[in-house]
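Structures given as structure tokens follow.
Both complexes below contain subunit A, partnered by subunit B and then by subunit C.
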Partner chain A sequence: MKRNKKMIIAFITPALVTFLVMFVYPVIRTVIMSFFKVESLTASTSEWQFAGLDNYIGIWKTPIFRTSMINMGVIWLVGGVIVLSVSLLLAVILTSGVRFKSFFRAAIYLPNVISAVALAIMWIQYVFSKKYGMLTSFFRALGLDNLAKISWLDSDMKFWAMLIAFCFGAVGYYMLIFLSGIEQIPQDLFEAATIDGANKMGQFAHITLPLLKGVFKTNLTFWSINTMMFFVWSKMFSPVETEASTISPVVYMYNIVFGTKGVTQRDAGRGAAIGVTMALFVLIIFFIFNRVLKDDDLEY
Partner chain B sequence: MKKKVISAVLCTTMAVAMLAGCGSNGGAKSNSTSKATSAASSAAESTSAKSKSTEPAKAEGGKNLVYWSMWNETEPQAEVIKDAIEEYQTESGNTVTVEWKGRDISTIIQAALDAGETIDLFDEDYQRVGQQYASKCMDLEDMAKAADYETHSVEALPTALRGWAGSLKGIAYQPYTSGIFYNKAMFKEAGIEKEPATWTEFLDACKKLKDAGYAPLVQDDAYVLYSYGFQIARHLGQDGVVDLCKNGGWAESEGALAAAKEIQSLVESGYYSEYAPDAYPNNENEIGYENAAMIVNASWVPSEITNNTKCDIEWGMFNYPTVDGGKDPATVANVGAQAFAIPDNSKNGQAAFDLIMKITTGAFDQKMALDTQSIPADPTNEEWPEMIAGCKDAFNALTNVYDWNMGLNTDADLKTVIQDNLMKLFEGKMTAEEFIAAVDAASK
Partner chain C sequence: MAKEKKVREPVNWKKELRLLPGYLILSLWIIFTAVLLIWILAASFSTSREIFKGDVFKFASGFHWENYVTAWKTQNVSVFLANSLLYASCAVVGILAISSAAAYVLARFTFLGNKVIKSGFIVAMSIPLIMIILPIFNITTRWGMTGSRLLLIVLYICLNVPYTTTFLMNFFRNLSRSYEEAAAIDGCSPIMTFWRIMLPLAQPGLITVGIFNFLSVWNEYFMALIFASSDNMKSVGTGLFSMVNSLKAVGDYGSLFAAVIIVFLPTFLMYVFLSEKIIAGVTGGGVKG
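Right, the complex of A and B next:
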């Protein structure tokens, strides 16, 4: 095919310029800003004061930032195990010839279509409410008074209540990815295994799972990025004042960059350091997954 | 050749589309130009000296003011502002382009000010105007003096703005006050004849309400800092709280411990609703459902609870009681507001100021108060919304003001720790001594 270099340049230039201005420039500016003491995000560079690694050291010395990182770690690990297991289970069930597959697929995916804000309000007001929440009413109806008395939104349980609600909203998305991965596997492999006497569990363990390695990597990467960017659910569960039990690194970053109600001190330099730290975490996780789950195996 | 032409057209289209996409949309925008032309001629006739009243100056007209608003276009505050703008346009011959940014303005206005964006006026939380944006805003002292602004403002508000910014950098409007809001019928039924002024009287009122079968108090998670803030500030004053948050010493502070013990006592006496502290706004709604009597909050709460529960309550309000040996009298409360400001690069400073006066004083301030159930910013407007009429005496009696959370916001990181431990204190899972020890450890 004949290539017209001028045309290639003409078509690429706008996208390239946009990419450089909208993406590369902010990234470079953020990285540089993270080494400076800067109050406002858009302050002129003449107001920046070089601080070396102070911002990075400062955030790790701050207990509330460490708490936010621990919260994020628990969301990633516990939430990840729950969401990816449940979504894989649902995907396997839906591809096993169950009736009304389309309906269930749509129903399970539905929470992803609804705004996270609306979902969070639903969970807080109608599920976890101490007075008339679904869980309280359900356990009371069963005569399980001790369970009915659980305060799902008190200081000890709030994080777990938030995690349950978040996982509920996330399952459908990962299930769809697993579903498409399973549907790519040729049916004759399962038929041959059935003829050879393999049961459903055996087929799942020795055919489905190994051939979903690439899909797993995709889902794990998406899950990691989602948990690093955990923001709306935290804000909804602590709407006016940020609480340590629900704080995430991104919420902490937002608070110190823009201030909160009644708090007007800002520190965009530290905010940038948190942003760079989170980006490094994503890169490290991506690198580890690439090493552990290699793409060189057979997959469909 | 034909291919080249098509390619060039496609390429141009792509570039134009991208540029258009990058253009400013700025949220909902309304450009009010109606009547401007006819008004311009009449306004031009009157270019006499600036009025010393709060009426906008009769300018030569023809200017276009850009206003970035903290409201969404359908909010009642926006409706009042739109009416004020319409009248301003008719009178001045200027036009006003409004960009309804909503609350997102708090994350974008700083960037806009730093970038020198064309904005002639904006509004935001008055503390942020005074502390965050003041350096990029116009000094309004001279214009305020010429417009006799002091006569039309509640003294505490410009005083606070001057305290933060060094001079008047904003014009406050839609103020709120704070204290304890209650259901008058329940007080009457419980036999409480006088609003409590001291902590002892307050405890007595709580006991009477409990005996009458009501939960005396409600508490939502979002306001535990606010409640404890009032309590500790009554003991130490806001400066004392700020000092504790800045320099530590919680374990040695008798006032901090006494305040925590008083909260613990309320919890142990069963004076809080059985569901307290609940997720905001569940517990405050208990007042609307007529299960509970009192709430520590600000003057928006009667309207908020009424909207949430459709209740029909006769609201009363009193200033937060004094404590034995405490530093502050009952006449100190958290007061706040929204504020208009004019960026220092605006070329239409006087015109913007006139519009601000139009909105924040006189008839439109009265309309704002009545339509949004808020306190008039202009004290010459004496009509208060019925729902918060009970605040009037308490508000007028104020001698000093607290910031939001009464100094507990001083260290944002420590604040989060205090919030978490307060939740445990209000839940009865922590004693006052344990609470103080936890905060003391975090403050070191």
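Right, the complex of A and C next:
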């Protein structure tokens, strides 16, 4: 037993140290920092001045931060509905007995293994391009001149262009999770329902959906974390100067903490407040959906 | 026999017909993806003028391999690829070393704090990066650690330990205890049992989670942007970002698409051969902790 004890300590310590250094300490420090006025991120704690809730009030009074929060909210809600319903639809199709299932599955997940930067360039420089883009030539070939004339990358369409491109890349991941959830449902439930005369739609509504509650919760949590960290796509769609139409809270935070073109003032305390706000949002969403989608602790 | 065949075929076709809407949706999705990739590939062999005229599939002036030469040499794609390879492979080795040991003892032994650590790792998996990035930047700058490749590798290791440990824990839990009992009877020490018997048995899990980590570190953007800002340290994501802006400024779109293809190919080829393992990495770990 003594030998085991030594081994346990030796085996768990490295993981524990990385956990404390990478997660526990930074989270605590970020929370504390969000209540202080800290200009430079590299300032030592002796230069911190207690500011109470000033950072939190300050960010909400800043119009561009509110814009970024609205953008994120729309991405979370509209993008979430699109991504989760499309990925559920694709997962249901793939489990309905189609051929070449593993090929389709692999092809739909493909965007997730490509660098997001490369993927975004494909969309910006090709699909949405006004001069030679896929959408423009497609609509022109169909004779839909009004649709062909849309300039996707102008400021009023840019946000939606970004959202479409982002959703396309994201679907594969959530589809895989739905897929493994559906495959865990015992086949005899469907067989029994078929014998009892339930059609496919009825089976989907009364067996698949209710049994996917836990998987929905997982997907919603991941989706929320993903949208809170929305950064690369925003950067890619306005690469030189940050634009209001595509700004996300993380981009705003990056700008005020690390600086960017046109932003001279630094405010690390506010940056921390943004981080805490985002984390709180994830927590709130998690608790709400935990309540709404209560797990029934099913054992198959 | 012939009669039976006749009976079978119509039933089969009926089934396929019923699935037709499904096939249609899947095919549209795949066709879109294929057109997107093939067009980019064709454009990478064309001149900027051909691209702007929309004639990328004619190759009127031949294949322009020099686009690739420009991207590879002048625009430093080779450096970015080498960096990403270094970051990803070193990080994977570190992650697996730390996580496999921790996952084994967490799955096999009961000790004080076992449960706390397990749930801590699960919580860590859902902490947004922006909650932790500021203090880490602060410490590493004040200790003079920034500007080194080693720092980024260490950060990648720390960042991925919780997920990997949780994944491997589920894997070790499913291995039978009789292996260890037999080894103990034969006088094998617990550490040797882990090294000689349990680790080899866990190899499929190690490979899956290793590949998955490799890809996520290879493509990582946010931390690379903050901790590897100088040109010779950039990885594929941040490197491609700055390269695209400079190529757009010069108007060399052929090389721009060539650079995209160069960055795209390594992970794509990996995926072609290892897609089953990679997909298993998504669904296998943590989802149901």
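Descriptive notes on the structure:
Methods note: the second predicted complex is superposed on the first by the 279 of 300 C-alpha atoms of A that agree within 3 Å, B and C clash if a C-alpha of one lies under 4 Å from a C-alpha of the other, contacts with A are read in each partner's own complex, and residues count from 1 in each chain.
Operating definition for what follows: a contact is a pair of C-beta atoms (placed from the backbone, for glycine too) under 8 Å apart; a residue touches a chain by one contact, two chains touch by 3 or more.
Source: prediction; values computed, not measured.
With the C-alpha superposition on subunit A as described, subunit C and subunit B clash in the combined arrangement. Using the contact criterion defined above for the overlaid structures, shared-chain residue A:194 touches neither subunit B nor subunit C, since it reaches no partner. By the touch criterion stated above, A:85 is placed in contact with neither subunit B nor subunit C. In the overlay built on the shared chain, the residue A:97 is in contact with subunit C alone; subunit B does not reach it.
By the touch criterion defined above, A:260 lies against subunit B but remains apart from subunit C after alignment on the C-alpha atoms of chain A.
Note on subunit A: of its two partners subunit C and subunit B, the one contacting more of its residues is C. Shared-chain residue A:290: touches no atom of subunit B or subunit C. Contacts of A:240 after superposition on the shared chain: both subunit B and subunit C are touched. In the superposition on chain A, no contact is made by A:49 with either subunit B or subunit C. Of the two partner chains placed by superposition, subunit B and subunit C are both touched by A:18.
In the superposition on the C-alpha atoms of chain A, the part of subunit A touched by subunit B in one complex and by subunit C in the other spans residues 4, 7, 10-11, 14, 18, 41-42, 44, 125, 131, 239-240, 258. Considering their complex, residues 15, 19, 22-23, 25-26, 29-30, 33, 35-37, 39-40, 43, 51-54, 56, 97-99, 101-102, 104-106, 109, 111, 117, 120-121, 124, 126-138, 141-142, 155, 157-159, 161-162, 165, 189-191, 194, 215, 218-219, 221-222, 226, 236-238, 240-241, 244-245, 253, 256-257, 260, 263-264, 267-268, 270-271, 275-276, 278-279, 282-283, 287-288 of subunit C touch subunit A.
Of all residues in subunit B, those touching subunit A in their complex are 4, 7-8, 10-11, 14-15, 18, 22, 106-107, 110-111, 114-115, 125, 127-128, 131-132, 221-225, 275, 277-280, 282, 403-405, 409, 412-413, 415-417, 419-420, 423-424, 427, 429, 442.
Of all the residues in subunit A, the ones that touch subunit C in their complex are 3-5, 7-8, 10-12, 14-16, 18-19, 21-27, 29-30, 33, 41-42, 44, 89-90, 93-94, 96-98, 102, 104-111, 113-118, 121-122, 125-127, 131-132, 134, 137, 173, 176-177, 179-180, 214-215, 218, 221, 225, 228-229, 231-232, 235-236, 239-240, 250, 253, 257-258, 268, 271-272, 274-276, 278-279, 282, 286.
Taken in their complex, subunit A has these residues touching subunit B: 4, 7, 10-11, 14, 18, 40-44, 62-64, 124-125, 128-131, 151, 153-156, 237-245, 247, 255-256, 258-266.
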